């Protein structure tokens, strides 16, 4: 019974840690903290923004935040808001699926700059849960983007 | 003390299971997975979209996803994004209150297609927590819609 | 081991209670329940909406909800939707960082009325976790607003 309780507790802790990791993305992105953003991934983790960039590893992911597109968003005023994530735990690996919005201040109002599907692949590391891969694609009617949100989807 | 810990653990698991169930709605709706959407409800569960449809049971709920309104949204490009839910647990029953957004790609930009209040009634079943009823209504100044978000509200 | 399990359980309960407290804000605000909103704060808690109002204590916070700006939003139709929060626990104190959106029905469509950074300071009280301070500022390119979302930020 003690073992069972411990296993159940650990499953909750895993889910909480994954949710917390993903919840840190928006605040880190919107403060332009490139290191904090990159640190959400494993050292060789991949952040693929479909149609825009594939970044592999901390330096490449940090460069997305330090780069001109993201810096222009920060200068305009932006919010990277994520939706709730559906989390599937499988031992030391997990998948999380959910939406992300980028809202931008145009000088006259806020606009929905990006509305995207997200699929996170995560792994338990010695430092805690980290993303090994995040796929992000705009939801503009494209079936491949939509499929990222599927429970059964495999991203190649 | 062991019993107390077990009860506290179970309360956390219940809340986590309810949050996870609701977090699955958006991804399932946006991949057009009618069975997965319907499976979030009990067999005789009700999904009432006020002013649009009242669906009772899995076949009727699945038909909302397979139907022309939802399919047109998928073809355009859409995101069903839910806000966080305030959850009230009461043994084998629970209520969850929160917002939902439907964002739509118009071909030129993303628009806020629907902004709604949601009230979920849930029950513990042999298969886990499921919705017995979800009420959804647009927040356009209507007091009845607003009341769905109230802690004390009863939906008849 | 029992003590360790109990401590881990309590950390999860603390995070869950904080998330639940914050998840109650939107529904309470959108039903115009001024007492419920104020009750999320400690008796001398502060809600600072930068550039608009600083409310200290339950009566002042309730007055924001009962006041003309919020009542006009309710009459128009509005949704106070919060993003996920990144939570840092430190014993009987905690910080939570995340976004908030106010969506408004204009009569013709929904608009992004406010998109803001939020920083919550929270404390464990005899009645459970409550906010001691919430800072909210529009994300319009202003560095001070952005800094509220920083893990290391101190709001004076």
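Should a chain be cited, it is by its letter among A, B and C, assigned in written order, with residues numbered from 1 in that chain.
Here is the rule we use: a contact is a pair of C-beta atoms (placed from the backbone, for glycine too) under 8 Å apart; a residue touches a chain by one contact, two chains touch by 3 or more.
Bear in mind the structure is a predicted one, so any value in this text is a computation, not a measurement.
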Category of the chain touch graph - line, ring, star, complete, other: complete
Self-contact between copies chain B and chain C, residue sets same or different by half: different
Length of the line joining the C-alpha centres of chain B and chain C, rounded to whole Å: 23
Chain C, residues touching no fewer than two other chains: 2, 5, 9, 12, 84, 111-112
Chain B-touching residues of chain A, taken from the complex the two chains share: 1-2, 5, 8-9, 12, 15, 83-87, 97-99, 101, 111-117, 138-142, 145-147, 149-151
Touching residues (chain side chain A, partner chain C) in the complex: 2, 5-6, 9, 12-13, 16, 19-20, 22-24, 26-28, 30-33, 36, 74-79, 81-82, 84, 103, 105, 109-112
